[in-house]
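Next, two complexes with chain A in common: one pairs it with chain B, the other with chain C.
This part shows the complex of A and B:
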């Protein structure tokens, strides 16, 4: 793992306009990914995870009214690149897999053809060479009978296998960053494990960094190197996995961790987080989490806590990091 | 925490574990063929009874109202109308089963021969018209969808509105006046070269193309909003490939179906335009038969067109399932 930075997001803010209302989906986030790193971005739906990932590829929908900050990839600011240069990066250097492979695969093109496209376009392979490469890829992602699989249409695969096809497509040009947007959410639990396992294998064998987006802390427990927690368009805590699990600081993180079922907690009541995620159109003032936070004070309602470095690699945006909940819960 | 087993064990994974979802094309073919056969039986029945419901004794109409009774009786025998309708129906179906459409009262030639002589022209006019319609609808529809709510899109919509409102026979006359009379680029009448088909197929194509354009636009807008488009872009494909390779492929499915159904109407439109452009096609044959009360020709011609119409829809169905493999499920 090199020490240089692969992706560095600084102060990224994305605002949409819909029905004449401004929706701040991402409100100034910093995120750094090192080459070959497995970085998990965790948050509830509506936290801005997907918007963040789509901004990296510059594939945001056209109703973005305000885009601020910088996304440096190998020292080039992606937000400043021309569309043509950007297009050459997509699929070749940065690629992406999605939550519902059934929807994200073209229903009327054969699996092989869809995987082949990027290879042919970016690497200039001939049809024959591309087919061979697809065969290799299909084997790599665990699709048995690659020759047969190539000529099948997406609806002829199960959910897990569709995701494998997506993964084959995404890694076809050996990208240095793979963005995985909840790739296992729509799959069965057993299949989820297989897919994560596969992603880990690929990450390790080809030193590919992964930005793994999920709402489920449990699922990245074994895989992630670094975990960032997102809430209402901001990153509220970021730390190496072991640190985050052993000494979480932000009350939201701690409540999230308490809500994961595990063997040690067998027999006890599972802890949920009271309240719901705020509507991005109507965010509470101060810390966006304060209405749900057991530690909230007057200060939290008035001021936005900055994301500060607590120790090397561990950042947290809370006025009372690590404070005991005491009898509050 | 250390005692928790790793959840990352790989599991079994085979394609063969999946049930084959694809219904064999053969079974589909059989199903659709049975349907076609039933339609083919129904059409002559309808054609027969519709002609019988029209008031007036055909023999009397053909011979003239003041013709002597023995001439009328003679004609009745020739037409077969001297028997009760059900007997007539039986005879008609039986002779059809032997591909015998009867003989023209005027020229005494077999009806089928007359039809087959004229049909190629009508068919090529309809095909050229459809081609013209698709050539208009697809590029303009894609352009409208991609640049929606811009001047391009409004231009396309205005064109479509005008095209839908203009009847093709009127457009045919105007085209004829401009491009054959005022500027004699195209021939005024006759049908012995493909050159003769240019103006009538444009007249046919603009009208149908205007309808299809809206369909292409709507379907393209829908497809461009789908998730797989994001995938295609995330692969770094150029926009043209995203539009034409990915979106249009799916957008064409509904368009193809409608185009197939419209092809039948295209045949109908061709029949009208044959009159205007003096093309010796099937339409002119039937029309002159109507004027001359040549019942076997009217009957045979109508039946023939209806049969072609169903056959076209049958073929469109099959084509659709080939283009869209999901249709074969269920």
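This part shows the complex of A and C:
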């Protein structure tokens, strides 16, 4: 294994059409995930994170008007596979957990039955074997008394327990990639911690790669191997965690990190970023960050900065990476 | 320092009714604290701990089941209904979701004007005040005739803050005022709230589930857990010598961005 690539997204672009308007939600992104890697995709709401993950699973809504690029998974381009092959891959090779597990669990089916169905569909297990497997999975995700949990309905679980059931279902067929779209956003601190630890355990024990989508930089700092930052449909910076936090290069990343309040900043003014996150329907020309950027020059208003390699593993899309803000702020 | 708000043995019980909550819920259990003039009382707690219920009970938007609330020397439990209108303008509240707080059919001007008409302002006074308020919260005056859907979440929250300010309040309860906003926008709103506090000598109760934020801005901190105020004290004290295990648990959250706890994984060549 080692340096082999698990998932390679190249120049992925997704455009929707709604009310006769074009919405370029994802605008040409490159992203590579290695086997067993915890890759965090970070961005504010509307940046295109969910659209990216739905593209990988080929679960995009029907109003896509333009889809470009390739998504290679173990050397197959997911965008070219037939729906039938894709259906076998989903839940088996690549699976997903979401922010609101309640929405994806069938309220009228017992938790155990739902997970059993997934296993039987993909692995062709007998009822008895599937039952044993579910029991084992529930134990693994930390549902105490798995036998009892199997016979419960989703509404009888707390938010954290529902997320555990979702995780059990997602890992039931030993996927090599788990996509987690803000799975802990609505959970309490303690439960968040448990879920992150559970995911890290699974990642390590079965060499499962995780694409973790979030806007929470605390979780990312704790758990990620590699971080990609998304802004207005593009990846603007990508680096190993420690590199990104110790030497961020893109002005957006740098300002974002400086904006987080803390006890140490008591009595000082927070950094903040002027302006607002742009709407994909009317993006500024050139670098989409230029109206908010203290370093913006004429060049930035006219040209789109490409995502270029600065050093091994560190890429940044800015004409002036790492330039001092100086007296500009 | 003079106490501006005092809460004594406040309890709130929601009667058990309906299908979801079959049993009575004790949302607040015997809460006492006081807020001095000019302070920022930071109230931190997890979802369901009773933060919003406490905010609503303090302002009698929902009457407490037991206990007393004093605003200065005035006991709010005994205020007759006809005095509430004036009092409400002095004590404002701002909620988490900027989308539901503005009437979608009213332009910014109309939203801000309503309260000013109630205060008896003339047309000219209203226009001047609105211009000044928008300037203070950083919304260009030429957008005054736009409607809420034409603004981003952060801009809406600024308009809501302007509307609260238009009543010349002394005291504002902020219930998760930035939780629905993008990280890059939050700092701007927090800076704005800090500036306004200084300029108008305001007192805040600032509610959040985010201890880093509470630790950044509070002068006094209260920790709510399951309807009980498990810790309350001066911010520096609570942060450096937390007494309750739950406060310590929150302060030691490894998932906090500023956690001193070593992140679980560090970069090795193989992981990239």
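Definition applied: the second predicted complex is superposed on the first by the 316 of 329 C-alpha atoms of A that agree within 3 Å, B and C clash if a C-alpha of one lies under 4 Å from a C-alpha of the other, contacts with A are read in each partner's own complex, and residues count from 1 in each chain.
Definition applied: a residue touches a chain if its C-beta (ideal position, glycine included) is under 8 Å from a C-beta of that chain, and two chains touch if they have at least 3 such contacts.
All values reported here derive from a predicted model rather than from experimental measurement.
Engineer: Considering only the touch criterion stated at the top, classify A:272 as touching first (chain B), second (chain C), both, or neither.
Structural biologist: Touch status of A:272: second partner only.
Engineer: Quick check for you: in the superposed arrangement, does A:107 touch first (chain B), second (chain C), both or neither?
Structural biologist: After superposing on A, A:107 lies in contact with chain B but is clear of chain C.
Engineer: Return first, second, both or neither, reflecting whether A:251 touches chain B, chain C, both chains, or no partner chain.
Structural biologist: After superposing on A, A:251 lies clear of both chain B and chain C.
Engineer: So, does A:48 touch the first partner chain B, the second partner chain C, both, or neither?
Structural biologist: neither
Engineer: A:305 in the overlay: touching chain B, chain C, both, or neither? Say first, second, both or neither.
Structural biologist: neither
Engineer: Examine A:321 and indicate which partner it touches, taking first as chain B and second as chain C; both and neither are also allowed.
Structural biologist: Neither chain B nor chain C is touched by A:321.
Engineer: So, does A:280 touch the first partner chain B, the second partner chain C, both, or neither?
Structural biologist: Neither: A:280 stays clear of chain B and chain C.
Engineer: Is A:96 contacted by the first partner chain B, the second partner chain C, both or neither?
Structural biologist: After superposing on A, A:96 lies in contact with chain B but is clear of chain C.
Engineer: Regarding the shared-chain residue A:225, is it in contact with chain B (first), chain C (second), both, or neither?
Structural biologist: second
Engineer: Go through chain A and flag every residue that touches chain B in one model and chain C in the other.
Structural biologist: Looking at chain A, the two contact sets intersect at 190, 193, 196, 200, 222-223, 262-264.
Engineer: For the complex, give me every residue of chain A touching chain B.
Structural biologist: Residue list for chain A touching chain B: 54, 57, 59, 87-92, 95-96, 98, 100, 103-109, 117-118, 121-122, 142-145, 148-149, 152-153, 155-158, 160-161, 164, 166, 169, 190-191, 193-194, 196-198, 200, 222-223, 245, 262-264.
Engineer: Spell out the residues on chain A that touch chain C in their complex, using ranges where they run on.
Structural biologist: Listed in rising order, the residues of chain A that touch chain C are 2, 34, 37-38, 44-45, 186, 188-190, 192-193, 196, 200, 215-219, 221-226, 240-243, 252, 255-256, 259-266, 269-274, 276-277, 292, 312-313.
Engineer: Any idea which chain C residues touch chain A in the complex?
Structural biologist: The contact residues of chain C facing chain A are 46-47, 152, 154-155, 182-188, 190-191, 194, 210, 212-213, 215-217, 235, 239, 249-250, 253-259, 263-267, 270-272.
Engineer: Show which residues of chain B lie in contact with chain A when the two form their complex.
Structural biologist: Spelled out, the residues of chain B in touch with chain A are 1, 3-4, 6-11, 13-18, 21-22, 226-228, 230-238, 241, 245-246, 249-250, 253, 323-326, 329.
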